[in-house]
Amino acid sequence: MKNKIMTAAEAVADIKDGASVMVGGFMACGTPEILIDALVKKGVKNLTVICNDAGVPGRGVGKLVSSGQIKTLIASHVGLNPEVAKRMNTDIEEDKLECILVPQGTLAEQIRAGGAGLGGFLTPTGVGTIVAEGKEVINVDGRDYLLEKPLKADFALIRGSVTDQFGNTTYNGTTRTFNPMMAAAASYVIVGACEIVETGAIDPNNVVTSGIFVDAIVGGETPWQI
Amino acid sequence: MKNKIMTAAEAVADIKDGASVMVGGFMACGTPEILIDALVKKGVKNLTVICNDAGVPGRGVGKLVSSGQIKTLIASHVGLNPEVAKRMNTDIEEDKLECILVPQGTLAEQIRAGGAGLGGFLTPTGVGTIVAEGKEVINVDGRDYLLEKPLKADFALIRGSVTDQFGNTTYNGTTRTFNPMMAAAASYVIVGACEIVETGAIDPNNVVTSGIFVDAIVGGETPWQI
Amino acid sequence: MADIKEIIAARVAKELKDGDVVNLGIGLPTMVANFLPEGVNIILQSENGMMGMGAAAEKGSEDVDIVNAGAQYVTVNPGAMFFDSATSFGIIRGGHVDATILGALEVDQHGNLSNWIVPGKMVPGMGGAMDLVVGAKKVIIAMQHTQKGAHKILKECRLPYTAIGVVDMIITEMGVMEITSEGIVLTEINEGYTIEEVQTATEAELIINPDLKQS
Amino acid sequence: MADIKEIIAARVAKELKDGDVVNLGIGLPTMVANFLPEGVNIILQSENGMMGMGAAAEKGSEDVDIVNAGAQYVTVNPGAMFFDSATSFGIIRGGHVDATILGALEVDQHGNLSNWIVPGKMVPGMGGAMDLVVGAKKVIIAMQHTQKGAHKILKECRLPYTAIGVVDMIITEMGVMEITSEGIVLTEINEGYTIEEVQTATEAELIINPDLKQS
């Protein structure tokens, strides 16, 4: 079978202007920094980025916000990155960022639905709020739910703690976050791995993300330094 | 915190006539036999049992079919247990079994939805078939989906390979099956455990079912003998 | 006299029972864990993917792969578990969290809550708050009674909702209020405040519990 | 002459590419794994919760915790993974299985499939079949062309559907057929059969591919 291990530059080579990119992590814990760095270096523009949050300046998705490469950000929380509000309100057209805010549980479930072939799901979250605007409300057994649709993307940037050569991946601690759902919901999946091991070295009971989802593996991801 | 370890008889003490009971496993691989045995011994009747299948005679849910304790069986496949067809077609009223057949992926997702607080989900599975009868068809972005509703139950009988005293559980090999979703979808969850360990002995990265779902732990579950 | 936030956190802690699964918001709610009564051990859920969260990590011994929902380094307790975000919110939305404790910009007499956006001014995003207040069995708002004198406990919320009809209880430095179908019932009043003072600090009309406790 | 089932399984195997994720039904489809061309390694998904399933376990060295969807003891290959049923069907329904190979009671010219129930006679349940044929990228029906002479490849299915419009290809001992919007196209015919014989064994009208291969 084909070799999936490559450099970060090779892995992001097919990400073009206007691509949709899912990025794992929560406040950059669980975000593959080496892949973000490669994307910044590549300089592609007008990206739609789907991530729990906007990271913080200089870390995670925050780097892509600062570099002005994101046109649309779909996230649940952007409050820890003041750069987002600045770009949402700027008059400079090419710096302008559109931000679509989604409840965190809904965002996670939308991405899961995208990978799992579901046409949507009914959630009680957001009923009666501005999140419900434009969405169908369906009553099931006396309770109102919003019909939320699946999310998919062209690419997913995943951070693996341990990844085998086939792409089977485990996540340490709270780095798991959105990574497993995104790995199933994107057409081309790149893992930034802290450690690469032989195929079969991970106990089959403990693999979280199957290598069948993974197209490219980039080594050298390092834990964030305090 | 309270001690959850008890005998099988104690664990099933609150299961009354007419209760709904989810049972993990696939063709009895992953089914807690000691809990089934306790239920057979208790002799409660008119159960609604939710399980992937009907097991085989003498094993798994098959024991409850043979003992005539099931009134309604919700399952995806019953073909390997001839006793089911016999009881579906019997003229003896008290032996009669109603069988509701559900596609396996829909059944797994319904139970997941039940535990995850979703009001339902849209699946392409079953569209245009008799599975669609009586169900709402919703078109999303040009494709038809069935709206399937969540499933919950009064009790879940789970088989754990390793369970800690808090109830955190791992599953070995293909015993995982429906167990994790059922643990979240039932009001009272009993684990039949092959091995009970100290709380904290399982690596937090490898726990599959959280102890918060578990109400009772019964030791002594043994692997099936060939 | 103890700090106002500590008074509130200590009172909230009394609402929690041994074995409860609890999600604590950032700030004041996080302090609740410091005031648990003897014999009461709770299990902290952190929505970024952890059950059994422990105390903050000590400087120098942080595990950089383990953070809370405020991105601070934390420890885990024995029996902890990590999971992905879909699983985390399945736990939250599925009613498996016994109590969520969080702050508010506004709460009203119908139990409506607004705590995530001030249009045109503050747009941080709702994060996990909308799911938490809809999913948790008990929603406790822990906050100062007013915002520098401005009412926060209202007849009707004016800011966009986080969720409607979800708040069970409000705990402030002035006392404890429960949301009922009749309105907001004052059940406890703190030493140093009169009923009139609490009512003045509250836009919604308070129902005074006949068994009002003084504490 | 090779066994009919082996002929069919061997032909199906040629449809698979190196690295494909494949779900094989019970019976004939399971035999496909024995006929993979040199250099073609496929990854077997088993819907009861396994990716990277290996061969049947040898007698005496079975792991009783590892079975396939037919409840037979199997091994796992290096790089295997176990998962729960919701995850398994997320993989299936989500289009991550490249091909599913299964038998049929009836297939029709619209690609409709009936393979799970004969009302009043055989009601085993659909198991994972409905999800597999809806979700897999390619659905290959591998079966004997007729049921003791009775047509199975029909103008319209008569038995209740497993799914509508899902079948891509039918492989029998007589040849290979592809389902197109125009109908069933015969693309390959096996040695020893004439076009007329294949048509006679088929209720639906066959479109003969101008480049019909003889094999």
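Think of it as A, B, C and D in the order they're written, each chain with its own count starting at 1.
Note that in this section a residue touches a chain if its C-beta (ideal position, glycine included) is under 8 Å from a C-beta of that chain, and two chains touch if they have at least 3 such contacts.
Computed from a predicted structure; not experimentally measured.
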Field: Chains touching both subunit B and subunit D, listed by label
entry: A
- prompt: Count the touching C-beta pairs: is A-C or A-D ahead?
  reply: A-C
Task: Name the chain whose C-alpha centroid is most distant from the C-alpha centroid of subunit D.
output: C
Separation of subunit A from subunit C, taking each centre as the mean of its C-alpha atoms, in whole Å: 29
- prompt: Using CA atom averages as chain centres, what separation in Å is found between subunit B and subunit C?
  reply: 35
Task: Could you put a whole-Å number on the gap between the CA centroids of subunit C and subunit D?
output: 55
Message: If a residue has to touch 2 or more other chains to count, which residues of subunit C qualify?
response: 50, 82-83, 89, 92-93, 135
Statement: Check: subunit B positions touching at least 2 other chains come out as 109, 112, 116-118, 123-124, 171-173, 204-205
- prompt: If each chain is a node and each touching pair an edge, is that a line, ring, star, complete or other?
  reply: other
Pairs of chains, among all present, that meet the touch criterion: A-B, A-C, A-D, B-C, B-D
- request: Enumerate the contact residues on subunit D facing subunit A in the complex.
  value: 18-19, 21, 41, 43, 51-52, 76-83, 89-96, 135
Task: Would you pull the subunit A residues touching subunit B in the complex into a rising list?
output: 109, 113, 116-124, 138, 140-141, 143, 145, 147, 149, 170-173, 204-206
Message: Looking at the complex, which residues from subunit B come into contact with subunit C?
response: 1-2, 112, 114-118, 164, 166, 168, 184, 199-200, 204-205, 207, 210-213
Query: For the complex, which residues does subunit C have touching subunit A?
result: 46-50, 62-69, 71, 73, 82-86, 88-89, 92-93, 122-131, 134-135, 160-165
- line: Per the touch rule above, subunit B residues touching subunit D in the complex are 26-29, 52-53, 56, 75-80, 85, 88, 99, 101, 103-109, 111-112, 123-131, 161, 171-181, 208, 223-226
